[in-house]
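Several structures are given next for inspection.
Below, subunit A partners subunit B and then partners subunit C, in two separate complexes.
Our next item is the complex of A and B:
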């Protein structure tokens, strides 16, 4: 639990650079450095971290602490990937001047997150290039649901505001093609407005947040043990990853570490979630170019994983397995042998699926050079996860931020520069192969012992960051604890929130019928984005 | 004018009753090749019956064209079918027109189908219509040239005459010209019936649709007529493809045994062709939309070569 020398020296050097105007707070969980700085210094601080420490801003959020300090707190979470350290900067927004400077001009990656703060907390953005409503749609009444004085059950005033005005693209032969928010097929709502000249797309506008459920507010209304179940429902396909990220945050706030066996089982479950989702995506990409045979094979493989999940945890989507302090269920010999037989059967069948797709020239023709997201754009937008790694982003929290979850696991981040649909599929293929060997690594040498550590009473007013590299990308849960085993604030950062804007940049220049396959190659969560 | 009423009625019944089965077989077999159980081969009949019973929902922006299009498509396909030899060498309406009339009727149906897609002014319908017409611009010439290849050999554009001559002695089934024309016409068949690699009949993605996009606004009876018309059109194209290139088994007389044999051979040929379509649909992904014209141009070039070679080598 001692802070590593790295952490102490980084804190000292950053403090020295700012000559005392930035204070490093004590009692941060291991691997985190907490700084306090005035609001005016935020831009300078992030500039310094970006240039000097090669940091990236992974999350920006607010916290209403007016009851204690008459101010809102803004938090900026930076990842120092090379060092495996998170810097969390806290800046107060005084209660009598509810505005904060935008970083979006320098760091476009925070665009939506800053606008969320504006919508949910009523803090006005200063200097944002596009400070319109984002998370709450334009016709919402003037309410700020994440403020503490907003009652979750309060009836909302009528929705009467003006409806959203999309940007207009003009020119001879330019048409607007609206798609959604209700789609054919069983998917969630999202509105896409294409501006097209013939078939080629000139411009794509996204409108999301139709499934906003105030999940972050709901966490404040329940004991932490119930929070695990809520975290499972943030994004159904990442149930285990989100729940584990939540548990990770709570455990770090409590200063408890899960026993080795629990950590190994967690890692295996995370990889199982990755495997079934990646296989499903590979099949779905094939479907969207009309190659149904590959999809049917993929569905069969996915079903095998889901059935094994059920044998292992009692639930096909691994729900109920995540618990505070460890996992919910120990695996006996019957369960581990079910997993072994899956590991014996699945890899060769997966290779035949990959072969089938790679040997289909008509499929390859559709995937190559389709929906290119260039590394430069991906870096500016802070694109993470699969989409990021297909466009030159060489980070994976399983590497430097393993949090003692993936220690010694055989693992290499697959990185490509091409950024097209084919390479987003290739990242998935590489990761599935690695997942097989990671699972084998843990199962060959599964530690004995307890599967859960007791959390006990959660100390009040602690903050901690929990994270997990979910199959889609990095997931963060940040918590501030309250007395009585409750949370004062839980901030959820799903990779979808970071990655959705990439779609607008990957589409232009492609033709409209290629949109579904490009969208599928990103496969972002609506629910995780909207929360 | 000697309209043979029983033949007319029998062929109408055959077209209407057999065409959904072909669609059903293709769907079922495709599912089998994909490791799925698939819908019953009879499912299209139930779908049609269901749609015929249902109410229609018509966009308030739609004009009379929207309601007229299904009838035009349905009856133009049916008429084209009545001019095509299916079981016997003499189709019931052969007096009224020849191969050109058949192609024209199919084009008329397509024209109204595209208008029906445009009429309610929905984005998807318009996209479907524009794609359909740009594909048809290449597919139609290929269709005509393929038919002309055999018409020249037979010395007539009358489909009945063509199959009669083709059944006679001296007709080379496997002449290069015929093979090339057959291949060209097969590609046209895939395009005209909205099959992979040109269009994906099984997709739910509106943005990628061609044929289905034009049908999105249709419901109830109109949808049934559209679907049925499309099935009949598919059967007609298959009949042309199988009968003028492989005129084996067509009944020349009108005795019951002749007709029964002719029917059996016809159904067998159509199902064999359907199996070919199923195979092509299963092993291929859909082409990128802008590459569809490449495929159809290849068909057009094949058909042109076939036509030239009939002059150069004088194949009969």
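Our next item is the complex of A and C:
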């Protein structure tokens, strides 16, 4: 695996800038550049990459390697969007000084991720603006579950009471409205505390991680083949995207590429997942402003896609289709014709759904200028995916980072600046239309041949990043392999973890009755966030 | 407005007639795996590929005890790829009122090469290995009576409070589907309600995370009696692929008394309707006649 000239020259230029204090590691998977630097240089390195290379910090996480090196490793993953390259910086935290400097003041996008490291690994954050517990709730005992000496199955003592203190919001006529974790509708659990004065919301505090179920630690306790099934359960609405991102990481660690037919089938399944979720969201946005008829139509269309999914993959949520090295099953003529009839029926019905919503002036009135996330705030928080693109973020991993998954697919990233509910819906409408043509593109010219490449034995102690542009936004899985086809660490980054803080900025000024539709227009995953 | 009416009339009724008609499920869908216990030669390959331990075995004294737990199964179909004695069917109506009715076990004579032969004990729902909740028969009897009375009361209309106790949101996708035009759960007089105070049934998904345990208990406590609890999906039935760990309790019945278990990952809408109607006493336990269920 020779690094492309681009990668080599970027590595050399960054190294030259830091005059030997940053080392470029060898044997990185293609498209990744690995650097080693001391902890003190992390802030300077990040600043350089942001300013000179227009980079984005997309994932920050830790790894307990005390058994091998007496230190923890921190990893900082930067996306160089224009170049289609990821830079991965590794910095050791010595075992006798368990603290690390926060970047959150300069890069607010890493706020929650840094606190997660503090909670899960017991590394103290220095200089963080709000270093309170985040991923483990306040009443948890003093444990650090992602350390290697913590047992996955360790029974913890009963928790005593709720001890989280929300920030106080005071003033004449200000009162608090707590909502959750059990909500009124059939949705996932999370707690929202609104501070309101009259109708408008002044301040919104979020408390999540109610669905934390030890997912990252579980990956360390099972063979990688089982890991694919676990990845399907990170966020059920993104089953295929997460499982494919996981497979991508393992394949890159093993140096294996899926055959062309498998890549095409993967792309089609990813688009099917996008289509059914976007249609469901468009309907749910309509229903949250009282337009139930549109939602009924949307649910009927979604059901059509789910039934086609069942025919194509044996499961309505596309589960079981993702496999290491390719996909789970091949599509015969019966299956491809089921997909063709969906592609014939669905687009006109979808257009009538869009017409119905666009022609309803009372619906439009509720959607326009509601829940605005300004491009400036979105950029600071590193907001990605649908919500990012409605607020000026112009990237999509299907573009420069597609590898050979989406090559030649007809595709254009929809970008808007308004950042309101209407435009978050508009991004979905545009993307569904494009998904139809992407699926047609692949099905018209489906490559022949095998659907899986053999992974064989997975080499130990390799690291690799896997990624997928899921329907909600970019998904990253980072793995470090262990002997015996197992993993020593699997870091999962769902776009929800990046995007949840945006809600606190989009709500103030709006009224509580608009919260459901604003929340739905982001439609973030609680499970993907909490893991 | 006129356009909407025109479209609705043109579309017509799309609602299914289930349970009067069989579930509309693709023959290619993966439902209940069936093990040909009589001809099962080796439990090891299927157990090795099963990601949740739904297929498991233990060897002792020259015998091999095998178990198959539908409550843990995520219907991935990997076992059927690994073992010719296992076949995946598209059957989805799998709900049961007892967890043990989802568990099957068979014992074999162990061979020197590690495979097994000759069924020693007929495959049957596994004997309950768990200590019953109330060992006093009088209390048990009373409990049965209350339950019968409850199903009489709920037979006509039912209000459901759904609680996600840590699911991946896969089950929620299918539960929300019940309220759509195709499954239309309201035709049974069943409504999803916002408050547990209005609810007769608690529909619970997820392995019950430590962080949701208290909220789940409080929701249950807020419901008026009599009340029903339905555990949804592999996670709700058993903890599923997450099992029991530092952050999860390993299933709804670790925290609340469960009336009906609905296997699936996620259960499709037909499976959910079947389980909910079963809990209401409006559907007979389709506990799968043994001969059909287990090929001997």
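The rule we apply is simple: the second predicted complex is superposed on the first by the 525 of 531 C-alpha atoms of A that agree within 3 Å, B and C clash if a C-alpha of one lies under 4 Å from a C-alpha of the other, contacts with A are read in each partner's own complex, and residues count from 1 in each chain.
Heads up, the rule we're going with is that a residue touches a chain if its C-beta (ideal position, glycine included) is under 8 Å from a C-beta of that chain, and two chains touch if they have at least 3 such contacts.
Note that the coordinates shown come from a computational prediction; the quantities given were computed from them, not determined experimentally.
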Between subunit B (first) and subunit C (second), which, if any, makes contact with A:226: first, second, both or neither? second
Tell me the contact category for A:108 with respect to subunit B and subunit C: first, second, both or neither. neither
Partner chain(s) touched by A:293 [first = subunit B, second = subunit C, both, neither]: both
Classify the contacts of A:153 with the two partner chains as first (subunit B alone), second (subunit C alone), both, or neither. second
Classify the contacts of A:177 with the two partner chains as first (subunit B alone), second (subunit C alone), both, or neither. first
In the superposed arrangement, does A:255 touch subunit B (first), subunit C (second), both or neither? neither
Counting touched residues of subunit A, say whether subunit B or subunit C comes out ahead. C
State whether A:185 touches subunit B only (first), subunit C only (second), both chains, or neither. both
Hey, what residues of subunit A end up touching subunit B and subunit C alike? 184-185, 293, 296-297, 300
Contacting residues of subunit A [partner subunit C, same complex]: 137, 140, 143, 145, 150-156, 159, 162, 181-182, 184-189, 209-215, 217-218, 222, 225-226, 229-230, 233-237, 239, 280, 293, 296-297, 299-300, 302-303, 306-307, 310-311, 314-317, 319-320, 335, 352, 355-356, 359, 525-527
Applying the document's contact rule, which stretches of subunit C touch subunit A when the two form their complex? 3-4, 7-8, 11, 14, 24-26, 28-30, 49, 51-52, 74-77, 88, 162-177, 179-182, 192, 194-196, 206-207, 209-212, 214-215, 219, 235, 240-242, 244-248, 265-266, 268
For a test of understanding, state which residues of subunit A touch subunit B in their complex under the given definition. 175-179, 184-185, 199, 286, 288-293, 296-297, 300, 360, 362-363, 365-366, 511-516
Write out the stretch or stretches of subunit B touching subunit A in their complex. 30, 33-36, 123-124, 126-127, 196-197, 200, 202-208, 282-291
